[in-house]
Amino acid sequence: MVSEIASRENIVVEAKDVDFYYGKNQALKGVTIQIIRNKVTCLIGPSGCGKSTFLRSLNRMNDRIAGARHTGLIEIDGENIYSRKTDLMQLRRKVGMVFQKPNPFPTTVYENIAMAPRIHYGFGERELNEIVETALQKAALWDEVKDDYKRKHALALSGGQQQRLCIARTLAINPEIILMDEPCSALDPISTYKIEELIKELSGDYTLIVVTHNMHQAGRISSHTAFFNLGELVEYGTTESIFQRPAKRETEDYVSGRFG
Amino acid sequence: MKRLKLRDLPAVALVYLSGALVVLVIVAIFYYLAHEARYAFDRPFPYGYRFSLQSPILEPDPYTGQVLDDLTVDPNATLLAANFEGDDGIDEKEEGAPMATLEELEGYHPFGTGSAVIDSLDDLNPQELFRDNWKQAKDATKGDRFILFAFATQEYTQPTMKLAFQPDAAFSPKDCPFDIKLRVIRTPNGIEVEPVEIDLIQNPSGKIELPTWIAKSDEERTNGYVFEMVVTPKKSNFTATIAGFFKTDWAPTLQYPRYGFVPLLLSTMLMALLALAIAVPIGLACSTYLAEIAPARIREWLKPIIEMLASIPTVVLGYFGLMIVAPSVVKVFSQAIGMTSGRSFLTASLVLAFLLLPTVISIGEDALRAVPSSFRDGASALGFTAKETIKKVVLPAARAGVVATVLLGFARAIGETMIIWILSGGTAVMPSIDPVKTLAGPTRGMTDTIAIEMGNVEFEGPHYGHLFMIGLTLFLITLAINLIGYAYGRKRKWLAS
Amino acid sequence: MTSTLIATIALAGLSPAPAFGTVAVKGSDTMLILNQRFAEAFGKKHPGIAIEVTGGGSSIGINAFINGVADICASSRPMRKSEIDRARSRGATATETPIALDGLAVIVNINNPVTSLTMDQLRRIYIGQINNWSQVGGPNQAIVVLSRDSNSGTYGFFQEKVLKNQNWGRGVRFMPSTAEEARETARTPGAIAYGGVAYFKGRDGIKIIGVAPAEGKPPVLPTEANVRNKSYPIWRYLYYYTNGRPRGEVKTFIDWCLSPEGQSVVEQVGYYSLK
Amino acid sequence: MASVIGDRIPSRAKLAARDARRKLNSRLFEVWLWSMGVLITLAILAVIVTIVIKGLPAMNWEFLSTGPKEGMKEGGIWPMLRGSILLMIGTLLIVLPVGVFGGVFLAEYAGTSRLVTLVRACVVALAGTPSVIYGLFGLAVFVLLITKHTSLIAGCLTLAMFALPVIVLTTESAIKAVPESFVEAGVSLGMSKWQVIRKVILPAALPGIVTGLVLSTGRAAGEAPPILFTAGIYYSTAKLTFDLEMFKKPVANLPYHLAEGYRQGSVIPEKIIWGTCLTLMLLVLLINLAAIIVRARARKRQVW
């Protein structure tokens, strides 16, 4: 499907014929996709097209919804994440997630980041201090909170800062893949810009899969783009090819703003 | 929208009237509780001392065979008292008995005492000398003066005699808002004693040694030693009543009633706290289960059952506690903490805890449900287990709601009447420092005191007023707790962003 | 709202006196059972006159009487002077009719060797000065002191008559009923309790002890004869108070209560009839 | 790869052991929560079943339909049951207009000033005020000040006071739950504010209001302290009548009978007391059941 797809070790996520149902509603229809390591992949499409459902099935967040079920295969690093042997804890350590609305925990900035590594790895305070600092730096939040991040309540931060805090929180559990579900939709343009810059910076070290309804954003940040419509993966390829030379009529209509 | 049509005026007026009525109810409750509580301040403060002459060498009384060191049982003691009604506690027949004549004392008792309520010795009327004297309420608050006469009869042979005095058994001088002094104002001819003045509040009981003086005829009875007991108020009735209210002795049926409500307050609070300590962990665990873990189907079954408990009338629950819980509590704890009766602090608290469960569970569940699911999503995406999500994220986020739950549960517990009435054992005592004693022993709280005693008070009297004072206090306490709980319940920190 | 208005109008229209043909008996909890039995038996005989019985306590009855809303106030204690004065100031002349005689028996556990106490010992036990049976000639055993609760007139009477108005001791447990006292005494070896003598006759596990009026005097048991001749020290009358001499239905009722038929009810309930 | 954690990460084996421990821990925690839920449910069921078992032997038609006999040792509890029902109806009639209109006032007319917030907070606090306080108030005002006599009407007024705050609050929240779109529809038709309330808001909020009314009256019917000093009577040979006179007289009722039964423990046999307990519990439960049915039916109809 994607011509540039190189050797197999570059593929980090592979989905084959994934159908997804919420009760009787089918949300995904036969989605097959291969996502490339350490790149930014954007999932675009009109609302209700299944892009968020697909994203959330990559770390099995959909498990929490009653009546949700799926068929097909999703593999990460060649391992079926829906197999009986899959350890959810391990999966979520590997696949981090950032949500549409910033959702820092109601505690200090420091605690927000330190909580997960402490729980997962049992680090002591000295190690946590370093991790929190590195995570804040990586999330480009360090300069803004370095004076009082141990005391400052996370909910006292601005929306954009909160979202970067959520990214830092995710970085602190050492993920390989970071899922982002419309991370900028609740933010103002300046904050959005900062998050986009951050995404670009992170892309060398992490595989980022970003759901967005903003096509320009997809164009700015991603190397690959997948276009979903009505639960189907319509087209997938390099961002450049999707935007410049869409193979399908639907895609062309969408990216040129004729529907959606 | 059109604000108002003339046609609607009556209905809208009715709406405003009802709103005003609701506000009025709040004011009225406060006003009328306070209004009735004012009767507590009509309280005449009673006091009373007994006086009797004794030989320095005490011998058994020839009449009763008792050694009369306790003037309460000395039939010859004179009582000077004010502000009580009815039986003076010595002997009903002696009420208002005239001062004993020498003839009456002959062969029976070698001393005589008597009293008069006069301002000056010149006003003395030999017809109005009494054994005991007491005054009624209103004069006593202005200050009183009693004159006391003391003499020996010719049967007495010792060179000295002692005037013994002690406060009436039911009267506690240290609680008394008066200054009470005893002085010698006249000594018989030829006898000189050091001027005696005794502060009866500081030294409520004691003896004064005096050279013997013998009255030879009935006329001479008043010529011997003359004392006066002077009573002057030192605190206003208001401060004294308030001070009395905050004492630790609740004994309203005494001749000299004491209205210290601290034991009731403390018992209520401690019972409520124990009940909370049992109900909150269990109840919160249950509400966490319902809010966080239970599948919808199970929740649909459990919730009505728990609501059913909330609808069992408390008097039924109290009776259940008495017939079913109390005997088993005795069985379980009789060895361990020496419990003899099921009517105890522990039983009352246990049943109270049971009563609190639905309150704690339903408010607790609401508090947990109010935590946005985005927090749970966040925790879940970070790979937290259910326990970690609840303990590290959901419960801390719901802290204000949990505090509100505890507060509202507390208010409910201290306001409960029937369960405590039926199960507490009804004894108004300060909780003991020894927890075992407190748990196994009987107790009594504020609510049941109101319910039990309102049946036996004189309406619009001091006891009635004090019950309303308790009611007012209870009202203010629960009001404050509920208001704070309400404020906490509305607090949602995460909404700040 | 309208119903509130109706309620207010209804309230305003309330005459305080009960309706024709009704006798309201109010007051003492001690006498509640007696009053109820009276009402039930009297109702069969005189179906035209309705008797309403309310408890609550002697003071509630006295207060209702003072306010003129009870036809008969049942009281297990004589009215206080201040209450009589207050009633008079509102136009009611309290008239006292003794209706029954009551003797309070003192009971202990059946295995307790103590057979009698003096009034003074009893007082000291209840005020907490004596707390071991060995102090009154019994075994070395702690005394578990039981009393009626303060709702009952018996409580007030006992406090006045025996405790000489002193306060109850710290460990006294207050029981809601005489039956409860008896049950508790039967299962607690060191217990002591008091109550209407009739409640204790023929009950297992307890025994009635004699009471000596004073030190050195012989103890007296609360037999019918001893209570009637007042040699047993803890006795009292139970009273009905009416406004002036009983008239009309009230008179019919009180006369019936004092008749042999009424007095047999008194015996049935467990008090002593006024012979 | 420049990870945040870098080389500090524990070995796979250690991590797996840690994960296993956490999972077990969480599982145990869930089991604990579950067992608390089960424990409470069982305890509640045990209490209810005990009361039913103890009360059933006394239960029969005669018990419910006749008065006490033989010095309260035999016979039934009809006067008490009737008294409780009368108290409940009277309470409902008094509290209905004031409570509902009061709720309308708070929801629609009072605005959002600080004073109103305070009033609302006070109403909430009143809803949590001990019932014995209402008993005291009823004694001071309805008995001593107004009627000088304990009576059915004094009891109803006291219980109405007790039930009022809850009804005001449930009415208010039922009204606030009516979607704004309904109101807008009404407004667009040119209705006045009161017309909108009467024709649109109140019908839509009715199930919520009725539920609140029924629940709080049911609760009031089971409370003993408010009627202890205001309405209770132990026994009467008077014929039961339904007229205005009835309101002036005190009534026998179930909670009072139980309180007396407890006090006069030696007189009323246990069997009758348990029967009375069961009757009172069933009365309140039936009322609650009615409320639940109203709520359930209304939910089915409501589509928003």
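In order of appearance the chains are A, B, C and D, and numbering begins at 1 in each one.
The rule we apply is simple: a contact is a pair of C-beta atoms (placed from the backbone, for glycine too) under 8 Å apart; a residue touches a chain by one contact, two chains touch by 3 or more.
This one's a predicted model, so the numbers in the text were calculated from it and none came from an experiment.
Engineer: What chains, if any, are shared contacts of chain A and chain B?
Structural biologist: Chains in contact with chain A as well as chain B: D.
Engineer: So, comparing C-alpha centroids, which chain is the farthest one from chain D?
Structural biologist: A
Engineer: Distance-wise, how many Å sit between the C-alpha centres of chain C and chain D, to the nearest whole number?
Structural biologist: 37
Engineer: Taking each chain's centre as the mean position of its Cα atoms, how many Å separate chain A from chain C?
Structural biologist: Here chain A and chain C have centroids separated by 82 Å.
Engineer: Counting in whole Å, what is the centre-to-centre distance of chain B and chain D, each centre being its mean C-alpha position?
Structural biologist: Each chain reduced to its C-alpha mean, chain B and chain D end up 32 Å apart.
Engineer: Report the inter-chain centroid distance for chain B and chain C in whole angstrom, where each centroid is the mean of the CA atoms.
Structural biologist: About 24 Å separates the centre of chain B from that of chain C.
Engineer: Got the chain C residues that touch at least 2 other chains?
Structural biologist: 1, 29, 55-56, 151, 176
Engineer: Check each residue of chain B and list the ones that touch at least two other chains.
Structural biologist: Residues 14, 17-18, 385, 388, 422, 455, 459 of chain B touch two or more partner chains.
Engineer: Could you check chain A for residues that touch two or more other chains and list them?
Structural biologist: Expected reply: 89-90, 119-120, 173.
Engineer: According to the definition already given, which pairs of chains are in contact?
Structural biologist: Result of the pairwise touch check is A-B, A-D, B-C, B-D, C-D.
Engineer: Using the touch definition from the top, list the residues of chain B that touch chain A in their complex.
Structural biologist: 295-296, 372, 374-385, 388, 392-393, 396-397, 493-494, 496-497
Engineer: Once bound in the complex, which stretches of chain D touch chain B?
Structural biologist: 22-23, 25-26, 29-30, 32-34, 36-37, 39-41, 43-45, 47-48, 50-51, 54, 97-102, 104-106, 108-110, 119, 121-137, 139-141, 144-145, 161, 164-165, 168, 187, 190-196, 198, 218-219, 221-225, 228-229, 255, 258-259, 261-262, 270, 273-274, 277, 280-281, 284-285, 288, 292
Engineer: In their shared complex, at which residues does chain B touch chain C?
Structural biologist: Against chain C, chain B makes touches at 14, 17-18, 64-66, 72-73, 85-87, 89, 169-170, 249, 251, 253-255, 258, 340-341, 343, 422, 425-427, 429, 441-442, 452-453, 455-459.
Engineer: For a test of understanding, state which residues of chain C touch chain B in their complex under the given definition.
Structural biologist: Listed in rising order, the residues of chain C that touch chain B are 1, 29, 55-60, 62-63, 80-83, 120, 144, 149-151, 153, 155-156, 159-160, 164-168, 170-176, 184, 188, 214-216.
Engineer: Which of the residues in chain B end up touching chain D in this complex?
Structural biologist: Spelled out, the residues of chain B in touch with chain D are 1-5, 8, 11-12, 14-19, 21-23, 25-26, 28-29, 32-33, 35-36, 282-283, 285-286, 288-290, 292-294, 302, 304-309, 311-320, 322-324, 354, 357, 361, 385-388, 390, 408, 411-412, 414-418, 422, 447, 450-451, 454-455, 459-460, 467-468, 471, 474-475, 478-479, 481-483, 485-487.
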